[in-house]
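Right, one structure below, let's go through it.
For reference, chains read A, B, C and D in written order, and residue numbers begin at 1 within each chain.
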Amino acid sequence: MTKMADVQSEKDKRNIDIDKVGVQNVSYPVKVLDKNNKFQNTVASIDMYVNLPHGFRGTHMSRFIEILNDYRGLINASNMDDILTRIKEKLNADSAHMEVSFIYFIEKEAPVSKLKSLMDYKCRFIGSKSKENDFILEVEVPVMTLCPCSKEISEKNSHNQRSFVNVQLKWEKDLIWIEDIVSLVESCASAPVYSLLKRDDEKFITELAYDNPVFVEDIVRDISVLLINDKNIKWFRVESINHESIHNHNAIALKEWSRN
Amino acid sequence: MTKMADVQSEKDKRNIDIDKVGVQNVSYPVKVLDKNNKFQNTVASIDMYVNLPHGFRGTHMSRFIEILNDYRGLINASNMDDILTRIKEKLNADSAHMEVSFIYFIEKEAPVSKLKSLMDYKCRFIGSKSKENDFILEVEVPVMTLCPCSKEISEKNSHNQRSFVNVQLKWEKDLIWIEDIVSLVESCASAPVYSLLKRDDEKFITELAYDNPVFVEDIVRDISVLLINDKNIKWFRVESINHESIHNHNAIALKEWSRN
Amino acid sequence: MTKMADVQSEKDKRNIDIDKVGVQNVSYPVKVLDKNNKFQNTVASIDMYVNLPHGFRGTHMSRFIEILNDYRGLINASNMDDILTRIKEKLNADSAHMEVSFIYFIEKEAPVSKLKSLMDYKCRFIGSKSKENDFILEVEVPVMTLCPCSKEISEKNSHNQRSFVNVQLKWEKDLIWIEDIVSLVESCASAPVYSLLKRDDEKFITELAYDNPVFVEDIVRDISVLLINDKNIKWFRVESINHESIHNHNAIALKEWSRN
Amino acid sequence: MTKMADVQSEKDKRNIDIDKVGVQNVSYPVKVLDKNNKFQNTVASIDMYVNLPHGFRGTHMSRFIEILNDYRGLINASNMDDILTRIKEKLNADSAHMEVSFIYFIEKEAPVSKLKSLMDYKCRFIGSKSKENDFILEVEVPVMTLCPCSKEISEKNSHNQRSFVNVQLKWEKDLIWIEDIVSLVESCASAPVYSLLKRDDEKFITELAYDNPVFVEDIVRDISVLLINDKNIKWFRVESINHESIHNHNAIALKEWSRN
């Protein structure tokens, strides 16, 4: 085989550094840590980037996929730093960034019937490494919210709806489990949601929600208070999106916070 | 300019008729009929197809766009047959098919405050013409549904949620307005939804919904009864999708019907 | 516990049969058959429906989830009939329908470097059972297509693009593997696509595509010819969607066929 | 009418400021400025937020919709500041934020046949106002990119694909037209894309692309050079996403820049 031109390695004279260059939406089977079962098999959509200094024309994008293959899909909070280090080395880059989005399942017990079923949570690992490294865990928790205003002004009933609470956080030392974020968020909602509810459970949830009305602002604040009180948390961003049952648009609230 | 090869017009010997060949997801500004304001400007996503008999290798796809340009985006229930005829002629086809998806706005009055606001409805024209021609109007109506079971078994409150009712229909003679389909669907829901509700309105809607609980099956049946009783309707398909506030999955019901 | 009202089991007098009622978008981890590795773990989105005769007001939706739990996510072409039978029994229905959408991974070898990597394919099982039972396997295969007209009329180069070929099929007797559908589709495209290609591979694929130009109509016809020649196939639907690199809209072709 | 409780106005003691609270995905018909035709009617999806100081429990969300109604959908770079001021006043907020996403159409002339057709561009206005005000114009331009490496190493042809270039920018003084951003981006791509191309045009575009190969990094750098050279630009973010025709994943590059 004759030697081929390496166009990507050409000198570049435009004097423009590029912040991020890489691959996006790579589907890959991954094995993530599971609090109760050690590991869980799922499917991820993965983005991998490096910076590109002004002197180089292009990035060797196939190397991202080779690194993924080396790890055979074993990706978690503990080895993300290894993977990012390897990306930096193999692509001769000063910084590396990676996002791994996946569905995570947790077995939940219905409140009265105690029947077990699986609930799905959209999660994401967001890792960056330049001089320092940085890891964010993101979990989206679907919950039920019931409107305090509607309850107060109406003689009976209150409008309620499916809401999506998205929590991103960074911790100091102790790994935080997806299971624990889900529990924390559910404790601040009007009620949790489940895949499997029998009639006894449905009655319980309906009444529980009525006893715990929350505005979209309330749920964000209550979660914020709990996270601020946990000294292990050093940064968070909490967003709640209520798919209001009385409107065709959503109500949202958002809070970002950093321990200084 | 030298004469270019017309590869599409080559003879084809594989003996395979193709049902549909054409363009998909063409964005185009359109002007549709409006019951109260004559016309409404909106933006459509358009699909246009013809059949391709086995003897011809390819279709001249640019002609679809030329036809769209000829009509300058004026597309409605009345001239769809003209457009389809023109597609058949210009592409030498035996059959033509066209789908025009757009957002349609209706000004609605809040129930108590009487404040006016615009609500958006996803609509679609689906037209086909071979020997006979065929026109389907599709309207998706977001509504509020409140669960009769949850109401019955709970001491207070009932879970309720945003639901999407999708109606497709064909009529005999008299054009049916999007506005009328929306009203019909809302009359079968627990309550309509609005863009703008003040507190008086919110109280009204919350209480109205509690007085009109419907299962996903009920809303489909109640709409079906009304459509069957309208002799102008010759076919319909009604689907309701409830974004259940107690689950992270949806409940759906579907009914298709034809007058014989 | 006091006995609760069973609102769903109430008599219904509106005289409207409902075609389909059930749950939609249930996320669930599944284990599907894999030609080379026996089983593959992936994540599915599941829809489950039954018919509802006119005399009954509602369906007991939680039973769908209980059945899913009984099978612990083991779902494939062979036991789909069992699952549908169980749905019919447990929900007292005359017909049952189920759709299971998932991402399936196949290890592919790059054409020159022989490096291995995983490619993702969107697949679906569609099963129905009333008197007879019916099973459709759907596979979406991303490929590269290169335009024969652009090649013919241009002095150099030809526009090419990512295309998505969606094949649905039913067979007579012998189970068909996802792997075999992917190979069949790729053999009719300008070139296959891969996750990992080194420069030698990229050169190979680029030249291969130029030597095998296909219109969207060609790929649908070539696949049709192969499927018709396989006596084990009794029905198919093939659709190709080309994300044309010279337009912002897509070109599509569609063929449905049944052995009689 | 009796006086209703104003739950939103209750005192809040959790001591948590909320960064953003508001409405999301409000569909609304809008009239935006058009360089050649003064105005263009289109449909927007609108998000509107304010901050919420720690002392107040909730926001009066219906006021956002009332403000939209006051402006009757006339929204553009010039009056965004007015609208944000009005939001701040009406909701007693220190800061307001608004995003208006819409499809914008530009009539383009095919390069050889000179036939005219409409191309659609996804655009967004992003406005913020606290002490200072801030306005970002975002335009997504679909183009054709052809790979320089594939061209160099292959004896014939080069892989090419549809790419999406997303430009966000802020200017000093002179309003920048969507039309001008589209032209600038197209001048840095391998070729523009069109809705309507006859064979002469297709030949032209195919050959043009082959003469102008660009990596995803090149297109971002070439656009950056042009924007930096325009003294009216004070900030930009350019991202290019190539839907690679040889892969099922995307290649991306991103550059953010600020004049200091």
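Structural remarks
Definition applied: contacts are C-beta pairs under 8 Å (C-beta built on N, C-alpha and C of every residue); 3 or more make two chains touch, one makes a residue touch a chain.
Bear in mind that the values here come from a model prediction, so they are computed numbers and not experimental data.
Annotation of chain A and chain D: jointly contacted by B, C, touch as defined at the top.
With centres defined by CA atoms alone, the chain at the far end from chain A is B.
Measuring from the averaged C-alpha position of chain A to that of chain C gives a distance of 28 Å. Centre-to-centre spacing of chain B and chain C amounts to 25 Å, using the average Cα coordinate of each chain. Computed from the mean C-alpha positions, the centre of chain A lies at a distance of 35 Å from the centre of chain B.
In chain B, the positions touching at least two other chains are 4, 26-27, 120, 149, 153, 195, 197, 199, 203, 248-249. In the complex of the two chains, the chain C residues touching chain B come out as 4-5, 7-8, 12, 14, 16-27, 49, 52, 57-59, 61, 148-149, 152-153, 215-218, 220-222, 224-225, 241, 248-256. Residue ranges of chain A in contact with chain B, taken from their complex: 119-120, 142, 144, 146, 149-150, 153-162, 191, 193-195, 197, 199, 202-203, 205-207, 209-210, 243-249.
Chain D makes touch with chain B in their complex at residues 1, 4, 6, 26-29, 40-43, 62, 65-66, 69, 103, 105, 115-118, 120, 195-200, 203.
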